[in-house]
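The following pair of complexes shares a single chain, subunit A, combined with subunit B in the former and subunit C in the latter.
Then we have the complex of A and B:
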């Protein structure tokens, strides 16, 4: 009764929207989940900081999310020579930093020097070491940069996707050893020397980040018109997704990425709210159950835990793969707005996704038969044991506070229960979970997601046996298994050819190996949606990012 | 338990009733004198404890069973069968069919009927093994029967208070009474320890402790860890009050007399001081039970309490966290109603007990 009243009150709620001035001011409002941690582009490690300064800085080449090819950015053109071992960039002339200083090759060299400095902890450096060797750069003149690679390295443009820093503004601080402390979030926004499409004007912690158009931005549209077309942007900082949803509905923000359960109500209200709800595509990341194969976790005082044997037994893993009810997960956790995932590379990555993998069908009878044949028989009603008679029991975890993952774990646990396998499920808060995965290695099975990119070599830290994100057995001195050695070899081979279509077969083979050996069991990929005001023009989201964001504008009313 | 043992003699000695009588008669008198609210509260709590004690019988289904084709299904309307169908059953419902998976919109399938069977296969009511389920209070996001989960959840939510109170109050009474009787340096030392404990920010302390529970523990073990943590946080405040009462009783003539007659410390403590504070303890216990229920709800709401697939009223309610869910599936709020009803019942009962047994009112 009371529940009904509350529901009626919420459902019947019509917010009287004050007419907002976003269109008149040509200012786009959106929401972000958390405060930035730094404004220093090289020190960024979190998405919030990346989002806060993403429009302030530029890199040499820009990625076109529609073609997934690189297009000129701060470099107007480039060419390979010497069999792919030399790359010459011709920098764009007339580009100015926000303090009036010209952008030159000096800025590029300075940025590279900072990245390679071992005292500066940054995430760009790992992609820029080729077989452990740095790239040698030189500048014959102010507008030419020559990069010499130790060997042919196909992902080089992707590796050089770092933000260029203003040498004239930061060189003194760097020389004084203060680089790690410059451009913290306490820096007044107008002191950030930038050259991107927008400049930051205001940062109010826990409230908003405001930007204005960079009047000197180098890009022009086809008719010589100035870009970006928007006069400003504002990111509201709203930690709660429910609040973000309500703010979008009430007109406080102009774009919103709805969760699966919000898609239908938004579609129903599209006409009234004057919004468009559009499907963007399949999630580019990967969400999977990983099983710990790290001997450091299992061997205690010379005794090996039986779980080590199970998780390295391909028959055991095949049975588990057949017990993942992907259809159920899609319907229950994503309202049907997801697709089964077969490979760790998203099908949106058209060239590098291997379309020939055959999924393990959800079939508990088959799973039980595989287990029986491999010697994992029922030892008492409802309890299955391994060939030595140990009951099959293991721990499952994921990060706490994510309802979808919680539900997926509950589904998996229930199905394994039917097979006679007991799963102790307990989610952990994110920090504790990361500690378990990266340093204590004290975990059995985890449901975890990784983000994905277009360049397959970016997953190097995950795929290579020596990688720190090689989650099932990280940072191996030498490959523990033959197939891990083969993946290492294929990762090397994949960077040798320059043509994507020549590279693709190597990565397809890696996906096939993971699919056969099953150190991880893929689950599902969400189909992502976006909702935006109909007054917005040229708003073209893709799974890889906005297409031509500089062209976005509000229609004149 | 202690509490009941204390209530009975106190009631029997009550001046209103006059002579000393058996506890049954005393209980009957108490019942006659209680207001309607108190009677209803007592009955409600009895019912919920019955849920906890007999959950496999009262719950129609296994609380972990997932009907994956029926997520977030609305409560089903029971229909009375016409007399011609009485040999199949008296009550039936129409099975539900997921009409729009995106909206989770259901339609009743009028071509078929699911008969509810009473006293079948050890359940109070259920449906035939292969038949579609009958969701009395709807289903939650994974298609599990909400009513069955609430009934099983009562085990956690109704017991957490009793177990917690048992731990914190036995500790509190022992420490408080001992400290009050001993006096002097011992008393000061113990009380300072209690104050340090009380100054810990309890909820954050709880969060930190809940995070270190080892992951291999089963549901029952986790449950007892949580109760123990909550009890160890709350005993100190109670011990301080008991200590004050004990200190004042210490110099009462009858205690002085017992001491003069050569009564040992232990005898003074157990025969004179603890019985004197028992009445207060019983009242205070009933008033502190809701705190445990709410505490568990808060922890479960944050994902640190009882974990899937085990149910507690707190973790069931955590699904009702977003406005979207409440707007479209309001029945997920049902566990909240059970929590509020229990907390109110305990408060009414505690108020009543205080009015009856507080020495200040016994005039």
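Then we have the complex of A and C:
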């Protein structure tokens, strides 16, 4: 009671401030879940850091999320020559860094040198090694960069999607061996030398990141007007999604990506809140059950565990594929806002997604018949055995703390129980799970997801038999099966043609092979939504990012 | 007394080394290290992961790594966080003050409510008032603080009286000095209420049982027999003795202050230590975890010492000799 009085008394003395009108200030507020780990674009390994500095830096080419093709960025144009082995970039003239220095070829060369430096572990380098060979770059003049590739390599533009660093600002630190500590989150934001549409003005840990428009940004709209149109941006750092939801409803933020259960309530309240709720598209990732086919897990002291036989038996796997109740998962875990996934490539990847695959329909009777015919018969009531009489029992895991995956595993377990297959389900914390997947190989079946990109060769580590993320049997010295050898071959062939439409058939065939051989069983893909204030104009989200974000503005009242 | 203090402080050194070594070893023995967070990222090759392990020194033996860390501590350096690549002190520093302010004010609130209510219900034992307040106390004990936090921000949205989470407003930088203070206080009210109310129940039950126990003690009967007034008996004999365990408890709570509010901090989006440390443990960011373990250990030991000193001041039955004998 006393506390209530004190609280009321304090609440009475309000803060003396001008009204914070996002539209009048042309400042867009949104929320992000966690703090950035670094402001150094090359050292970014997490989504939060990428989001924090994404608007500060630019790469040579920009991806158009509508066409999924590359468009000019810091490079005004480029051309291939020498049968695709030489790529010449003509850099945009007149682009300035935020400290006034001009952007030149020197910046591109410096960035490439840092990326290839083994003392600076970074996530850009893997994509820039072609068959293990680096790309040789040179600059004949300040505004031309020539890249010579060891061979024709179609994904090259996607590989070169790194942020260009300011050579003049970072060269000294790099030479002194301090690059890994440069531009950490303790750097005052105004010391970051950037050239993107926005410049960072403030970072309050665990609270917010604030930006103002870059007055020298190179891009202009069709009428010569300056871009970006927004004068500022603020990302509130809000770890709890429920709090994000309430903050959006209260008007603290202008944009929000609702969870499935929030879509309907927001649609109901759309008129009152003066917001639009819009479908963005289908998740670009892939969420699947993977089955361990790694002999290192099953062969112990010369004895092979029977599970190895089951998981490499395509009939057994087909039966399991027919036992995945995708409709039930969509209705229960995603409130109906998801679609069955058939291929490991999302349908949103319009060029590379194979639309001709036929899904394994959920049909337990059919699954039981397939098992019976393949010799997996009931050995006692409720228990099915393999042809040698071993009861069918295996372990299932996923990463703990993701309710949707938990529910999906529960559904799968129940359906397999109906077939007489016992599943021991135990979720693991993320790092423990990673260790099991990549070094101890001690797992049978896992529900796991990968994020997806537009460039299909980015999944190389997952698809190639030698890949470290070739999850069912990683880092093979030579392909264990004929179809894995064929996938390796197709992956090579897919990088040789330059035109995306000529490349697509190779990747379609890989999807067909995975669909037939079933080392993984695809589940479902969420349909994502976004809610935003009606006062926002030109707000065009796609699953691959915002379309023309520089054009976004608040409508003048 | 000096001898007592000196001895207690000297004992702390091996204790701290023991506590930190066990934590360090535990962090290293669970499977996976910081680099494993990145192992499923297709853009990061195994070679890069190896280079990172070497950069962070994670490929070295446990004892060497611990010795290095200890060497840094001896030079007052907490080390560099793996996830953020900046000094641990830089990460913990700005958050400590917020967490301590939040924890101290909510503790003050729960004590300010719990002690008088505990006294009232003990004096009116088994009355309707006692039953009602005890019922509410049990209700409060069984509702988790983070749930109360959800209710609180829902209330804030519905009423519009309070900000919805956050430690400060987005326009904080543009405010004048007094408005900044008002802004911070404004953001503190609900979290303090949530954490404070969540703590009331158990404290109040403790106070009630203390008084009920002491009310029937022999020395209280003696005091009454001497002919002291009921007020004097209650304030001089019952209440003063009933408060002793609270003095000890205050010392221990000093350490709880740091990590205790993690869930509420997360739900109400406060700038604090809780979530930072929780994530550090999940990501195996050893230097950051160790920094907080060290702080927690020092606070626990210092708090304990302060509680003992306070107990000597409060309780005439306790002196340096009896404490040393323990």
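In the analysis below, the second predicted complex is superposed on the first by the 537 of 557 C-alpha atoms of A that agree within 3 Å, B and C clash if a C-alpha of one lies under 4 Å from a C-alpha of the other, contacts with A are read in each partner's own complex, and residues count from 1 in each chain.
Basically, contacts are C-beta pairs under 8 Å (C-beta built on N, C-alpha and C of every residue); 3 or more make two chains touch, one makes a residue touch a chain.
A quick note: this is a predicted structure, and the numbers were derived from the prediction, not measured.
When both complexes are superposed on subunit A, subunit B and subunit C end up sitting side by side without clashing. One geometric descriptor of the composite model is the angle centred on subunit A: between the Cα centres of subunit B and subunit C it reads 40 degrees, in steps of 10.
By the document's definition of touching, of the two partners only subunit B reaches A:264; subunit C does not. When the shared chain is aligned, subunit B and subunit C each come close enough to touch A:242. Of the two partner chains placed by the overlay, only subunit C lies in contact with A:458; subunit B stays clear of it. When the two complexes are overlaid on their common chain A, residue A:406 makes contact with subunit B while staying clear of subunit C. Contact with both subunit B and subunit C is seen for A:432 once the two complexes are overlaid on the shared chain.
When the two structures are aligned on the shared chain, A:134 is found in touch with neither subunit B nor subunit C.
For subunit A, the partner touching the most residues, choosing from subunit B and subunit C, is C.
Of the two partner chains, subunit B is the only one touched by A:395; subunit C is not. Taking every C-alpha of subunit B against every C-alpha of subunit C after the fit on chain A, the minimum distance is 6 Å.
2-3, 7, 10-11, 242, 246, 429, 432 are the residues of subunit A that lie in the contact sets of both subunit B and subunit C, per the superposition on chain A.
Interface residues of subunit C, counted against subunit A in their complex, comprise 30-32, 36-46, 48-49, 51-52, 55, 80, 83-87, 90-91, 94-95, 109, 112-113, 150, 153-154, 157, 161-162, 164-176, 178-179, 182-183, 185-186, 189, 193, 196, 266-272, 275-276, 279, 282-284.
Those residues of subunit A whose C-beta lies close enough to touch subunit B in the complex are 2-4, 6-7, 10-11, 241-242, 245-246, 261-265, 325, 328, 331-332, 335-337, 395, 397, 400-401, 403, 406-407, 409-411, 413-414, 417, 424-429, 432, 443. By the touch criterion stated above, subunit B contacts subunit A in their complex at residues 64, 66, 68-69, 71, 100-104, 141-143, 211, 213, 215-218, 222, 302-304, 307-309, 319, 321-328, 330-331, 333-334, 336-337.
The part of subunit A that touches subunit C in the complex is made up of residues 2-3, 7, 10-11, 13-18, 20, 29, 34, 37-38, 43, 45, 118-119, 121-127, 180-181, 184-186, 202, 204-208, 210, 234, 236-240, 242-243, 246-247, 249-250, 252, 429-432, 434-435, 437-438, 440, 450, 458-462, 468-469.
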